[in-house]
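We just call them A, B, C and D in the order they show up, numbering each chain from 1.
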Amino acid sequence: MSYPSFFDIAKQFKVIMLDSYGVVKNHNGLIKGADKTLAFIRNEQKLFRILTNDASRSPQQQVDKYVELGLPGIHLHEMITSGMMAKHFLEQKITSGKIAYLGTENSADYILQAGLEHIAVADVDLNNIDDISACVFLDDEGFDWNIDINKVVNLLRKKNMPVILANSDYYYPVSHNDIAIATGGVAKLVENMLGKKFIHFGKPDSQMFMYAYEQLIQDEYINKNDILMVGDTLRTDILGGNKFGVKTMLVLSGNTREDNYESQIRSTGIIPDFVCKSIME
Amino acid sequence: MSYPSFFDIAKQFKVIMLDSYGVVKNHNGLIKGADKTLAFIRNEQKLFRILTNDASRSPQQQVDKYVELGLPGIHLHEMITSGMMAKHFLEQKITSGKIAYLGTENSADYILQAGLEHIAVADVDLNNIDDISACVFLDDEGFDWNIDINKVVNLLRKKNMPVILANSDYYYPVSHNDIAIATGGVAKLVENMLGKKFIHFGKPDSQMFMYAYEQLIQDEYINKNDILMVGDTLRTDILGGNKFGVKTMLVLSGNTREDNYESQIRSTGIIPDFVCKSIME
Amino acid sequence: MSYPSFFDIAKQFKVIMLDSYGVVKNHNGLIKGADKTLAFIRNEQKLFRILTNDASRSPQQQVDKYVELGLPGIHLHEMITSGMMAKHFLEQKITSGKIAYLGTENSADYILQAGLEHIAVADVDLNNIDDISACVFLDDEGFDWNIDINKVVNLLRKKNMPVILANSDYYYPVSHNDIAIATGGVAKLVENMLGKKFIHFGKPDSQMFMYAYEQLIQDEYINKNDILMVGDTLRTDILGGNKFGVKTMLVLSGNTREDNYESQIRSTGIIPDFVCKSIME
Amino acid sequence: MSYPSFFDIAKQFKVIMLDSYGVVKNHNGLIKGADKTLAFIRNEQKLFRILTNDASRSPQQQVDKYVELGLPGIHLHEMITSGMMAKHFLEQKITSGKIAYLGTENSADYILQAGLEHIAVADVDLNNIDDISACVFLDDEGFDWNIDINKVVNLLRKKNMPVILANSDYYYPVSHNDIAIATGGVAKLVENMLGKKFIHFGKPDSQMFMYAYEQLIQDEYINKNDILMVGDTLRTDILGGNKFGVKTMLVLSGNTREDNYESQIRSTGIIPDFVCKSIME
């Protein structure tokens, strides 16, 4: 089957928004050709943003990681993470107390940046939780699932508090064939135990799109018709872009594969405006 | 039990956002005292918006309805409906074809305003659906449930198209004791039949908050800390306001009652910043 | 693609259990050749049962309907309906009061047979419900969806009572291409409104299999290995048979089609022991 | 509040079925007085069964455990576990290959008893899974959640096979205040990842009730009216007993507490025939 060229479509837009994992990089590192695509975007003087549901690292760390992988030239203000949205929420809504979290030390940086004190769920004393004022699911790594998932269930049974999910992805690819459960999957287990629904950040929710959009319209005359969102996942990138009202492109270089994208579109009813093989072709 | 006064809390904010049904009006008409509360808001020179998940009538019709009920003085730009969000989506994403809809003639106005042709599901010929390009759930009234719900299921089985839910409320009160299933409930039945999830507009999704916010910041120096969202429903008004990052107030004059609000907050984990009896006390 | 012959497989079993709709009959009437298949079963001296999730008619009416369609020779004790299971439940658990029901007059027969008084939801006076002791969803026909679905929601909000779903099918085919929402779909809408789960009868639940099995082992030395369950629906017939521990055969003459059965088996994880085109080949 | 006496109600029945955890024993050991209640049941010549969703130990081990806790006198044929149901399923449906499992070595005994070979998920080589013919969730202990839950997700993505859940409990109490996620919770996480529903054994499904019932009617003239099912959990014990058609008693000595049982009955719609404080009063 033949697909239209990413470049031909991208030319029609002023702003290109890219998901990170499965679009620009994958478990092997940078997807081959990503540097040329970024050069094309710069050359054509398109505006550019990366929108990632990755709350395990700060925007600066994510930019640094791209440099390390061989893709310099992404500016800090172009990197938008779901962790930033969680941070904003904490800033607006929580004024005191400690924030309990599941995740790595790195991911807890978002809490620090919000000017709040953090404590790993592993370090919480369940008999002394008066000063815990909120709970955040930041990353699927950095804790013992057997012990700490049960502990967070009991923490949230003992005290009613805002619970924030900084990444609603269910899973991510770790090799060509294998996946790993992501933060959204762990949080869903806890939601099921408690019969509650936490506050979800990250695509498909609108906050990251809105954040990017507000930034963009400050400098340039942009409207939603000028924006193309490119992603590899129907449930997050494409649904989120569709809901926000921008044009969407599904690429087949990540979660969604050439041999099943049509049946997935049919079964989910989530319809991208364009389908391309990758952002390199 | 004693509750803080709405007026004392409202004084601390520059912008008051109110849900409509259960806050300002109910099945009996205007809630007694609403005129005085609006006068207070004007007098204190607060900015004011109504955010309603009601897509059955255009903003103008909703303003007119308030005049009829005895509450003049709401400006058109202060009335934000989930139907407007659905309209914007259609404008951005659908460029041709007819939009099939479930709802009253009145509600179909949103499709017309988007510059698109509409057709009631009742009038669709299932053997001739090539020109149907999207489907919208606008209202729970205006069609025969036995016939047209089955018809929309079959339409969506035959052709994959964007499906939009303009009001995600499950139900609304029709008397002190009784409720009626709202558009969101009807849509959920169809979603279950098809195993799909439609594109939902209206609270708790962020679009209406974002729309109001973008309007507000054009004229005044406002940030999210200046905004109070007031509603009677945890799942829509309070969750939506919390996610958007503004302060939230639950009032006990509608869906949520004095005798069960505490257990509902505990069981849902949706925590308002304030609880008041109504916007009149 | 080639499929094994139903006859070759059936020969290996002592008991043949058939689903009705989509296997023996369909929207056009008897599936061509059903009479020969029944003759084969009789000739080979297999035991035979029909297990149907149809609670709209009594077993006798269902046998009579088969005669009318041109398939005489089904005995009353061979016809097992989900309505019979609901009737048994009512007999065991409800000793007084009236049973409110959604369905046709015909379907209400099951309540009468349980020795209980029945009242159509349409005839219930919501201000006088002290004597209503249970509620049954019997059929998707026989009532006004706009009015009576809302009425049953309010009935069940006002009084906590056992609610029984006599047919958990979500939909049934009404022509080659079209489906209609079945009782299970209507009940799910009400379950969603109330946040409750009713008591479900019919496949995939075990009661009908158990009822048939207990009958069979009274007369003959039968064990589960001797039984073949044949159906056209993975979620009910095949899952139910698998859970009960008998061998299962999917036929492609009804809900599940030749062009998608493999992807459905993969996506649901419900795996039949055999797949045949129909019970006629 | 005053409750009727367990003894007065029990006298009206020929068969007493008890859930184990939360009714006869708890995290502290035997619930005080359980020995006298068993003596009463023996003295009154009632028939007696324990129905437990515990698949972590064989029936013999469970009987031995009761002896250790100070309750001798339970016969092996009186102990019915959800693991036994899973074992029967494997015997009927799986004829070759290895059964992958999550759980302790002890729990894997059920696979051995079914005459099948077992392999812990931890020992599965994902590149060599041709001989894995089914997968069983037996216990929440005995494996590394971080590693093995991800591994089972990938196993089931690579090969479509029957997946059996031997205990559908979501959680169990580990102290007066704290709970731990049970096998059913772990399985639900994996079900969510895969978008599939496994084959569930244990209450509320009917198999254990049916198994007990078939045993009982062989020796004595018993019908369902003669049976009382006693449990501490609405979703499993009471719903299961109600669906099976026997009388049900909720006791407040385990999962469901005196201060919230009424609201739980109301919110779930699962209505026991009797409510008692415990089986000792």
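In this section, contacts are C-beta pairs under 8 Å (C-beta built on N, C-alpha and C of every residue); 3 or more make two chains touch, one makes a residue touch a chain.
Everything quoted here is computed from the prediction, not taken from an experiment.
Student: Copy of A-B's interface among B-C, A-D or C-D, judged by over half the contact pairs being the same?
Tutor: Going through B-C, A-D or C-D one by one, only C-D repeats the A-B interface.
Student: Taking each chain's centre as the mean of its C-alpha atoms, give the chain farthest from subunit D.
Tutor: So the chain farthest away from subunit D turns out to be B.
Student: Report, in whole Å, the distance between the mean C-alpha point of subunit A and the mean C-alpha point of subunit C.
Tutor: Going by mean C-alpha positions, subunit A sits 45 Å from subunit C.
Student: Rounded to a whole Å, what is the gap between the Cα centroids of subunit C and subunit D?
Tutor: 28
Student: Just the number, please: Cα centre separation of subunit B and subunit C in whole Å.
Tutor: Computed from C-alpha means, the inter-chain centre distance equals 39 Å.
Student: Out of subunit B, which residues touch more than one other chain, so two or more?
Tutor: Answer for subunit B, listing residues that touch two or more other chains: 267.
Student: Quick one: which bits of subunit B touch subunit A in the complex? Just the residue numbers, please.
Tutor: Those residues of subunit B that touch subunit A are 88-89, 92-93, 156, 160-163, 194-200, 205-207, 210, 214, 224-225, 239, 242-243, 245-247, 265-269, 271, 273.
Student: Under the stated contact criterion, what part of subunit B meets subunit C in this complex?
Tutor: 126, 144-146, 149-150, 153-154, 157-158, 170-171, 177-181, 185-186, 188-189, 192-193
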